[in-house]
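Naming follows writing order (A, B, C, D and E), and every chain is counted from residue 1.
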Amino acid sequence: MTPRVKEILGWYGADNPGTLANLARLMNHGRLAGTGKLVILPVDQGFEHGPARSFAPNPAGYDPRYHFELAIEAGCNAYAAPLGFLEAAARDYAGDIPLILKLNNSDSLGTDRDPIQAVTGSVADALRLGCAAIGFTIYPGSARQYEMFDQISALAEEAKRAGLAVVIWSYPRGSALSKEGETAIDVVSYAAHIAAQLGAHIIKVKLPTDYIEQAEAKKVYLEKQIPIATLADRVRHVVQSSFGGRRIVIFSGGAASSDDKIFDEIRAIETAGGFGSIIGRNSFQRSKADALKLLSQVMDIYAGK
Amino acid sequence: MTPRVKEILGWYGADNPGTLANLARLMNHGRLAGTGKLVILPVDQGFEHGPARSFAPNPAGYDPRYHFELAIEAGCNAYAAPLGFLEAAARDYAGDIPLILKLNNSDSLGTDRDPIQAVTGSVADALRLGCAAIGFTIYPGSARQYEMFDQISALAEEAKRAGLAVVIWSYPRGSALSKEGETAIDVVSYAAHIAAQLGAHIIKVKLPTDYIEQAEAKKVYLEKQIPIATLADRVRHVVQSSFGGRRIVIFSGGAASSDDKIFDEIRAIETAGGFGSIIGRNSFQRSKADALKLLSQVMDIYAGK
Amino acid sequence: MTPRVKEILGWYGADNPGTLANLARLMNHGRLAGTGKLVILPVDQGFEHGPARSFAPNPAGYDPRYHFELAIEAGCNAYAAPLGFLEAAARDYAGDIPLILKLNNSDSLGTDRDPIQAVTGSVADALRLGCAAIGFTIYPGSARQYEMFDQISALAEEAKRAGLAVVIWSYPRGSALSKEGETAIDVVSYAAHIAAQLGAHIIKVKLPTDYIEQAEAKKVYLEKQIPIATLADRVRHVVQSSFGGRRIVIFSGGAASSDDKIFDEIRAIETAGGFGSIIGRNSFQRSKADALKLLSQVMDIYAGK
Amino acid sequence: MTPRVKEILGWYGADNPGTLANLARLMNHGRLAGTGKLVILPVDQGFEHGPARSFAPNPAGYDPRYHFELAIEAGCNAYAAPLGFLEAAARDYAGDIPLILKLNNSDSLGTDRDPIQAVTGSVADALRLGCAAIGFTIYPGSARQYEMFDQISALAEEAKRAGLAVVIWSYPRGSALSKEGETAIDVVSYAAHIAAQLGAHIIKVKLPTDYIEQAEAKKVYLEKQIPIATLADRVRHVVQSSFGGRRIVIFSGGAASSDDKIFDEIRAIETAGGFGSIIGRNSFQRSKADALKLLSQVMDIYAGK
Amino acid sequence: MTPRVKEILGWYGADNPGTLANLARLMNHGRLAGTGKLVILPVDQGFEHGPARSFAPNPAGYDPRYHFELAIEAGCNAYAAPLGFLEAAARDYAGDIPLILKLNNSDSLGTDRDPIQAVTGSVADALRLGCAAIGFTIYPGSARQYEMFDQISALAEEAKRAGLAVVIWSYPRGSALSKEGETAIDVVSYAAHIAAQLGAHIIKVKLPTDYIEQAEAKKVYLEKQIPIATLADRVRHVVQSSFGGRRIVIFSGGAASSDDKIFDEIRAIETAGGFGSIIGRNSFQRSKADALKLLSQVMDIYAGK
């Protein structure tokens, strides 16, 4: 147990030893073991965008075993997926990598007003599949946001009682927000704070822009001259908004962009005290060799190489 | 236990021995026992379209015992029906054929906006009736789709704990989809993938057309040149979309068409690695002799004869 | 135990001995004991239409004891009523007549869009009051029909586990149906079939007219030349639609008409293999002497006299 | 135990000895003990109309102890109030007077479409506070009436199992009724009947006018010449509508009117076989001396003095 | 135990010793221990207004430990916060200060029609975190007010059974009220009364203005000449409305105003028999030294210095 991991575990004083052990498993696995940094492979794209859009670019990904292997070979800290994908191979790779069961999911076949997700798994499912954590998406700003807060509050209590860790994907969305506002710095840092208040051990947000959505917030950002000009500034602000840096916050990059742009982002996250990345499409939608190379370079940055 | 059945069971590593035994019962019963292929008789038409429309063409079908006998004599792998039909004769044919209790059902007396089905049975009902599996319909694309996902997720967890298998009928439908889109190749393969992610052991979809519904998907189908020209191509794509072929996917034909057309479809399914058919109206709406002949020919194709 | 009652019990192979014993109690009580025919007295009119409209024609009926006595003296097979009416006298007549607790009820004070009923009793209530069965109304065709199907499915499972029988009042109603369609032959036989599929032991429907409501159904009735010209034809079709005659189906007459018309209807039901009648307003809204006479004549017809 | 109280208890044959003992406590307490008549003090006005409108006329009433003392000194049969008011002094006056916990309440700060009340207490609360009964308001005619029927049905079952009595305040209200119709004789007697059917031991309604709201009912009132001209006629009809007089029905007077009018009303109730009164604002909104005098005169009338 | 604390505990005769002990803990902690006065630090602003708007004015407040320390050093009676903030440091300061877990929370990212809050914690959470009380916000006047009343009624019952105290934040809000009406004297005193009736041990309201919102109430205020001219008058009226002064009522000041204005308000509360203050933004949004000074001056006033 490295001092850094010990330090981070020290932030979670309300948790039982079971949950701390699972948080430790997440931080002590893979190439970044012991650094307090995390690179997680999430594969819920099939549910969210459909199989062809997700896996046709690299057809090996149709097979649920592929993603376990990718995550293991790359030395990721964990692999996160919906129920079906985990059920399909959890026995084959039992003990090989920490798993996160994504408990709610959405698809893109329906209409998107009042966005919410379906609850597609349970804490009992996570336990029987040997997971280290549950994952859950909230949409702060949606007309149905409080339903999701109610759900994760109940699930988190149950998960913590069972010794699991809780990962919240906090994605602002809904009719009360502009499209640009979904990644605005004030909104993303607010979303991170909400996830922390809801009891998340690990918070996942999108990288924020320097746009400010809410007039009331804008006044404070200007008056207090909160630095948000660079991506590192903004990551630092999100981390600060997550209990003064005492919660693990990781970032996603969204749709595929150039690798160089990804590395720049990772460097900004690393510099600013972010805790890591969750990299889905950019890893499983290219060949395994290419994905391993990409993830290796990302981890190099987080490892300070 | 044939090697093929063993192989298929190997895909379901997350299940307990009880569920595996029931999956094996389904695959090891009837004329196709041991082949890994399934022909299932479903009779929920009475609920869905009313008794006269369903059974007047062959009035023997008003009697619930008829369908048990048809399924048994034809050597089907299983018989699927709503609560009442199973209650009415399960004792008489106990042990003679694996049963699937359809846990939700709809009728055609109400209006169809926001399509959903009524929950008309429970896992406890399936157990007391000696069933091997529960069946459940979802309508991906419906405004109420997530309610159905919530329901089947909870029911599937309970069924698996009790050692039952889970069969999901995945029928895209709803105001977000065009009529043609309900059987579009992108939508049907997406529906199969969703059922797999929800934890289905066996997935039932309609045979897809070569129409592509969603613009975002169309780009990928064209760019990656996914073959969808022939029915066999499309079945292959649906099977691939169901965890790279590691989930049992069976197909329904819908309303009665000519027998030759049915056989052509079965041949395409067989050629392309589909796992079988679920044949309702085309079997119970003709005389038993004719139905037995039809089912025999279908099974011949699946048996490679 | 007569052969006929034994035969009928044989149709309910999925039930436990407790439920079979209660079904037998219903069939072996009163003047029609052992015939397999049933005449049941239902008194939920006070709830449905108010006390004055229900009982002013025969004020003795304001007293809940009156209906027990009427049912007992007339030799009815059972007495069905809401919670309050049964609570008020169940101890006084304990063991004197099988009781059916009507678990949902409606009034005519509110508006009637989206018709549903209130759940006003429980299986536990039925057990503590010594009932043989629960009763429940569904409105196939209502926008809220699936809520009612969900409710009765859960209640029926609980009732059967507790050894009670299940009686479903299946009354098509709702914005998707025309007023004439509520008693159309296709709709009534469909409603009977739905009740059977929901697991009813005894189904209660209204006597159907020869009107056909649904276009899709009309095609089949014409093409298959299903006889619906006479009332006996239609009763026969409804009985056939209820699992080929293997479910007990009884009929109600609705508002008061002439006694001769009632007897004609009873004769048609008897001739066509119907299982009996549920006669409310036509019995309790006249003097007891007149009611006993009417019921006696009705039972004479069912007894083949 | 007087013969009259014994007689009344005899009407509740479905109840366990615990509930009968609590009904007996209600009838055997205070100045009217043993007469079968009841005068109950209800104080839910603070919740319903706010503290100033309720208690400024007699500021002693701000203190929850005042109402216990008023009820005790006046010799009322029981004191009914929401959770907070009972919690505030139940220990101080434990055993001094039977208590009724009002389980639902409304305020006048919100809008009143679809009237319903909030559930603000439980059967467990009633038990821990030493209550003899639960109280519950229904609004027959409201678009949400069946929700309230569902609620009280479940609560009443639980209360009866726990040996408590059930008091239902049945107040017709809602968009389906005219303002005048809320106290129409047909509607009030219907409301009393519904409460009885829902299993109430004690029913509370408003004094009805001679207006008839519903056309269908009007026909019967005219045809059967039901007497409704005098208040005594109407009370007699309401009592008859409550299971032929075999349920305890008490009446409220509503907002303050002249004392002489109150006494006239009480005389009509007494003459016509009503079981008593529930007198709130007219007692606690005047000085204690005046209130004791009023209640004494009311009880004199009920005691036949 | 001072006589004053004993006296106050005497008002809560319905509570078990566990709850009384926790109420005593709240009153016997900090600088005002034993006086019966309370100054509580609440920090739910991060959830309600976002992290930057809440903590940028004093960035030390991003760290959840800061607020525990501020409350402890200032000698507050208790510290109230949402789940995340308490989880983050409850172990570090276990036993150092009584805690109140705020069980519901809202954010300002969504739209505000039909205001309600999300339930973000449970009684079990409060117990595992060692809290003395639960906190809950209601919005009397909101179209969803009864949902919140239902929720707190159930939570309060559970909390009291577990020996916790119950604090209700009662904030009138909703389409039925004008903006000015939210702090009107009639509405605020009504809101305090509702909280008391719902079973609150401690009630938190905003300081009221002399505006009167409701016409029906206005008549009574004028006729009975209820004094509301000065702030002290109004505090006195709110205290009286809370069970004649037999419930603990504390006040919040809202957004930052001048310190002198705060002290004037505190003096008015103290003079009029109010029980204390809950001071959030005015304390944690300035430097700790300044906050300690402010809170010290406030406590001086309550301590009668």
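Criterion: a contact is a pair of C-beta atoms (placed from the backbone, for glycine too) under 8 Å apart; a residue touches a chain by one contact, two chains touch by 3 or more.
Note that the structure is a prediction, hence the values are computed from the model and not measured.
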Rotational angle, Cα trace of subunit C fitted to subunit E, multiple of 5°: 145
Inter-chain centre distance, subunit D versus subunit E - centres from mean C-alpha coordinates, in Å: 36
Inter-centroid spacing, subunit D versus subunit A (mean Cα positions, whole Å): 58
Chain contact topology (line, ring, star, complete or other): ring
Ring order of chains, beginning at subunit A and proceeding to subunit E: A, E, D, C, B
Interface residues, subunit D side, partner subunit E - complex: 46-47, 49-53, 56-57, 59, 62-64, 66, 82-92, 105-111, 116-122, 124-125, 128-129
Contact set on subunit B toward subunit A in their complex: 11-15, 140-143, 145-146, 149-150, 153-154, 157, 161, 172, 174-177, 186-187, 189-194, 196-200, 214, 216-217, 220-221, 224, 226, 237, 240-241, 243-247
